[in-house]
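Labels for the chains are A, B, C, D, E and F, by order of writing; each one numbers its residues from 1.
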Amino acid sequence: MENPWKIAQQQFDRSAEILGLEEWLKLKLREPRRVIIVSVPVKMDDGTLKVFTGYRSQHNTARGPAKGGIRYHQDVTLDEVKALSMWMTWKCAVLNLPYGGGKGGIRCNPKTMSTGEIERLTRRYTSEIFDIIGPDKDIPAPDVNTDGQVMAWIMDTYSVLSGRNVPGVVTGKPLDLGGSEGRDAATGRGVYYTLLNYFRHKKQSINGKTVIIQGFGNAGRYAAMLLENIGLKIVGVSD
Amino acid sequence: MENPWKIAQQQFDRSAEILGLEEWLKLKLREPRRVIIVSVPVKMDDGTLKVFTGYRSQHNTARGPAKGGIRYHQDVTLDEVKALSMWMTWKCAVLNLPYGGGKGGIRCNPKTMSTGEIERLTRRYTSEIFDIIGPDKDIPAPDVNTDGQVMAWIMDTYSVLSGRNVPGVVTGKPLDLGGSEGRDAATGRGVYYTLLNYFRHKKQSINGKTVIIQGFGNAGRYAAMLLENIGLKIVGVSD
Amino acid sequence: MENPWKIAQQQFDRSAEILGLEEWLKLKLREPRRVIIVSVPVKMDDGTLKVFTGYRSQHNTARGPAKGGIRYHQDVTLDEVKALSMWMTWKCAVLNLPYGGGKGGIRCNPKTMSTGEIERLTRRYTSEIFDIIGPDKDIPAPDVNTDGQVMAWIMDTYSVLSGRNVPGVVTGKPLDLGGSEGRDAATGRGVYYTLLNYFRHKKQSINGKTVIIQGFGNAGRYAAMLLENIGLKIVGVSD
Amino acid sequence: MENPWKIAQQQFDRSAEILGLEEWLKLKLREPRRVIIVSVPVKMDDGTLKVFTGYRSQHNTARGPAKGGIRYHQDVTLDEVKALSMWMTWKCAVLNLPYGGGKGGIRCNPKTMSTGEIERLTRRYTSEIFDIIGPDKDIPAPDVNTDGQVMAWIMDTYSVLSGRNVPGVVTGKPLDLGGSEGRDAATGRGVYYTLLNYFRHKKQSINGKTVIIQGFGNAGRYAAMLLENIGLKIVGVSD
Amino acid sequence: MENPWKIAQQQFDRSAEILGLEEWLKLKLREPRRVIIVSVPVKMDDGTLKVFTGYRSQHNTARGPAKGGIRYHQDVTLDEVKALSMWMTWKCAVLNLPYGGGKGGIRCNPKTMSTGEIERLTRRYTSEIFDIIGPDKDIPAPDVNTDGQVMAWIMDTYSVLSGRNVPGVVTGKPLDLGGSEGRDAATGRGVYYTLLNYFRHKKQSINGKTVIIQGFGNAGRYAAMLLENIGLKIVGVSD
Amino acid sequence: MENPWKIAQQQFDRSAEILGLEEWLKLKLREPRRVIIVSVPVKMDDGTLKVFTGYRSQHNTARGPAKGGIRYHQDVTLDEVKALSMWMTWKCAVLNLPYGGGKGGIRCNPKTMSTGEIERLTRRYTSEIFDIIGPDKDIPAPDVNTDGQVMAWIMDTYSVLSGRNVPGVVTGKPLDLGGSEGRDAATGRGVYYTLLNYFRHKKQSINGKTVIIQGFGNAGRYAAMLLENIGLKIVGVSD
């Protein structure tokens, strides 16, 4: 597999040329503004200590605070996180959201860890990157292998360290702690609207189309429900 | 040349074995606590923009704020900075100073840059690492190609960003801004005391010894003066 | 009269048993998280000094900042304030508001004090509890013998101590300072909606019912007006 | 031309008498709460240094943070800025906005300065008044010879000095940085609504009226468009 | 045993009368300025949760930050802590130290707890009283059943919550973390100087006196050593 | 009397020419960096409100925090305060102290005011200039008609607003609050050393000289005592 950071930079170079970006702007956008690498010592349930490596990349904050997920995976690398943070800059800008691009990750295998170990990992990682995140600086979100529970731990650790309740430091929190409704279905809903807009743009009717869904997780499931609601027929599903 | 970080870790592993360090302590001390990599855009005198890469590594802060120089050199790498920050931890601990180990650097060739360019580079780099340095967090100092003038720029930028005068954020400041007297001669004085202690330890008299000095910069010059003051004869000098 | 804190804990114990709450949760919810007792010296209009005792109890903040009134009464006790703060936790949770439970009070008889004395009492009390209140920590409100004017003094003192305008530190402010419309009638409106929902739930029509109102203060007055508006007949009022 | 501050105070005295304001209130409202005068050194494009004088007056903050523009003009004086800040207090209060009155200015001729010089002037001025402005203290806006670009520089400088994104420190930002839509046309729209209300109040029909517009800048242009939209005839325009 | 707070107030009343203290001063000094009571939940080694009660009393801060120990004992009460904090005010004032009086405690039996349990208890208690302590507000120290290790945990927790190294938040730290030399022997040295001064005052020679020491802990041991050093004969010791 | 600011600038221009100061340096040093003018409303003992005008000028802070007194006098003007702050810059620099130059004042006649009125005046003035003073920004001291008591009020107000004890915000405090010993006699001691150095420089003996002292306040009294101590004869004194 090719290096994701190399891919991201090549994509950027091609786009920059097409857009005729000025030289100084190319130089500034080709590199992340700030990357932090932290050691995260965790006491495992068996009493031993393990030290994990965590990352947070802030690619660009010109349009607002950095925004982007935190993933827990044994193959996370600095270059992957850098690439993903660059892509977040573009995504937020394309949708005209007042956010820049960020992304983080911890090199670990959460499938082999207990809930207690993941909590201690999350809290210590949050404490180490505390100085550079915050509602007006950089706002994490769930990503591969992280969910509302992990966000709740980040929010709580950040709040304790701040000495006040700071729900705005993460998105994707549980609803009870101030999370947004509709977030679970959001990706599937995006598929749905994309299809609708595609056919509107093509000036074709969507009525009578049949649908095959590849992947039936968070995204596919909700897309299927929404498409069925407007009368389309789901003729196949795989997972 | 071998990778300095590999060297530093090998030295540590050997020492840890000799000391019989506990496993968890080895794991914590083998990696820097926190490393930051920043992009430093600088407007050059010819109107173009260059983006430099800057580093700051905080190896350990268990005994106090991180402490260590910032170097400007075209060959600076992340691994070099990490190794130097680990060595700073040991140096401070051996002398029982209430400091941990840090080190920073910017990948640039200051010999080819104007004073204005170096000032802008320094101020922007300081602004980018502002969140993680400070008198109670991490205190930079002069190193390869950086001097009191660079420290004055760091101190001023840090003070402006803090909204108050913060001379304690760097050591190695000019005397007029609160720098310590004797700092210029300190390394040479160290050579001098080391020699004195060596002969005291060997129970030999130092009287009548002759001295050859290799390198006549900041260190050699002051060592020569001090050794001559107690009656030794400098019989050779090279630079 | 029975000790209110004993009552509150007994209520909790019974509910916890019915709910089958886990042991650790019972232990955490049985006690207020934090209680502060302060001495409030006030220069009286006759030139003498009196020292009043003030309280603030934060029962629980797991769901958000503590929320609850501040009362001025000669019989206020620590146990009363603790009980009321626990009840605030339940009230906010039942309505799914993102707040925890708090309550405060000062042992004094405001009926015998001048406006100037009450202002000085309020400002000094605010200054003493400043460290533990705030829009993201604990938000006071009017209660027995305190009103919008007292909230304005708290807001002003808190803002001066914070060096910026902080209207969010209290609710129940005067409208001119950012208070919410409709607050005066809110309790009466609650009575009205409760009645409506009661009959809806009973599947009975409310038309033709007659109403007797016991107490014609802030609550009764507005309830009467609202119930009359939908055609009910107020046949009796007492105060 | 008469001194604007004398005019403002005379207007106030007359109004205060008509309103029968209490003496202590008159005394407090007759003077600005706080005025700051700063020296703003700027490196000009030709390498020389010029020192400009900047002002910021906060007339009153009892109803909320001070609010008011910053103007760049060679004739700006302390008394002009004080008068304008007093008028801002009345304007915000009359519209029942939760703001007090502020105004600032720099004595300079921006018509003779390059963009780079104006940027450096703006950033340094912002840095000097940083301590007394902010979203909860005093919020600048565009005024004579200052626009969205100048606000963007203020916002960026303030954000860098705060260590976080603070878009709320100014209004009148570019839309891309969080500015409000409709602000450009707002003054013209005000003229339009004033006229409409005037005739409604006089119980006259506006239909068939003809319009002459004196001044065709930001205000006049939009007023003309809006008045024409409802069928009025613009019979004359001057600039 | 009599209530210590009653004793302390009676002592004060008597002294105040002898000193002829003004009425307002008596009133202010008769009560602690601020007392905080916190719940401290701790996960015990057996997996269960226990909730301990912690106190911190700040009797007076007119002469500087509050100063006083933190004790861990199963009999600690609010009144005991209040009394001890009042006595700290007098002790600091008598020695003309720029400190006020404080004291804290946790109701627990540390003899039956593991090191891990005591660490978790200490860290959580510190976190709960964080808002009201600090090098310029209130500075804890070791007391009954607390030592340098406990102070190190407080210092570390406070530093993490502050985001910087704050050794000044406690005294009685381990020497390696910046503690003061001589603190262990300080109480015994006090006994020694008191005796010396006693005989100097009585104009008697101390030579040839014999010494009996009751209690041979931290105080008695060092007193014995120092008195023997000047030639006195220790004729009896009990423990 | 000539305008003091005009005098100060003329002195500076002459010195700058003699020193051959560069043009940009002259421009920066000819004007105070920052001046603040505040309205200080005070409730007088007779129940009426008076509004006083207060000033604080920070001439230069390049060498450290601004330093300089605060005077209370009915003739204080902005220009006087500006001039005095410039002179403080030179005084601190000549003695190589790490401070810049500041000065403040309030236009009032303290001889006609009660202690309570002066306290309220001082506290409100401190609150208004709070944002721009502090131990690392600008440090007031006693001056004409202000003394240790006024400094104590400033220190207390500043500490309350900071939420912690900040004795370093003023010099010239009462000894009990951390003031420096010897401050009262400092000016007289300066006269004494100046005389000694004058005769040493002239290579004349001081023995046998007679002394006439004009003015027998804080300065003259201590000078007289010190000069008499070394055997000189005071032959005349006036006040």
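Here, contacts are C-beta pairs under 8 Å (C-beta built on N, C-alpha and C of every residue); 3 or more make two chains touch, one makes a residue touch a chain.
Just so it is clear, the structure is predicted and the values come from calculations on it, not from any experiment.
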{"item": "Count of contact steps on the shortest path from chain D to chain E", "value": "2"}
{"item": "Intersection of the contact lists for chain B and chain C", "value": "A, D, E, F"}
{"item": "Chain whose mean Cα position lies farthest from chain C", "value": "B"}
{"item": "Of all other chains, the one whose Cα centre sits farthest from chain A", "value": "F"}
{"item": "Repeat of the C-F interface, chosen from D-F, B-E or B-D (over half of contact pairs identical by residue number)", "value": "B-D"}
{"item": "Intercentroid distance (Cα basis), chain C paired with chain A, Å", "value": "41"}
{"item": "Whole-Å gap between the CA centroids of chain A and chain E", "value": "50"}
{"item": "Sequence positions of chain B contacting 2 or more other chains", "value": "131, 163"}
{"item": "Interchain pairs in contact, sorted by label", "value": "A-B, A-C, A-D, A-E, B-D, B-E, B-F, C-D, C-E, C-F, D-F, E-F"}
{"item": "Interface residues, chain C side, partner chain A - complex", "value": "61, 63-65, 98, 134, 136-137"}
{"item": "Footprint of chain B on chain D - complex, ascending", "value": "127, 130-131, 160-161, 163"}
{"item": "Residue ranges of chain E touching chain C (in the complex, touch as defined)", "value": "23-24, 27-28, 30-39, 41, 48-51, 53, 128, 131-132"}
{"item": "Chain C - residues contacting chain D, complex", "value": "163-167, 176-178"}
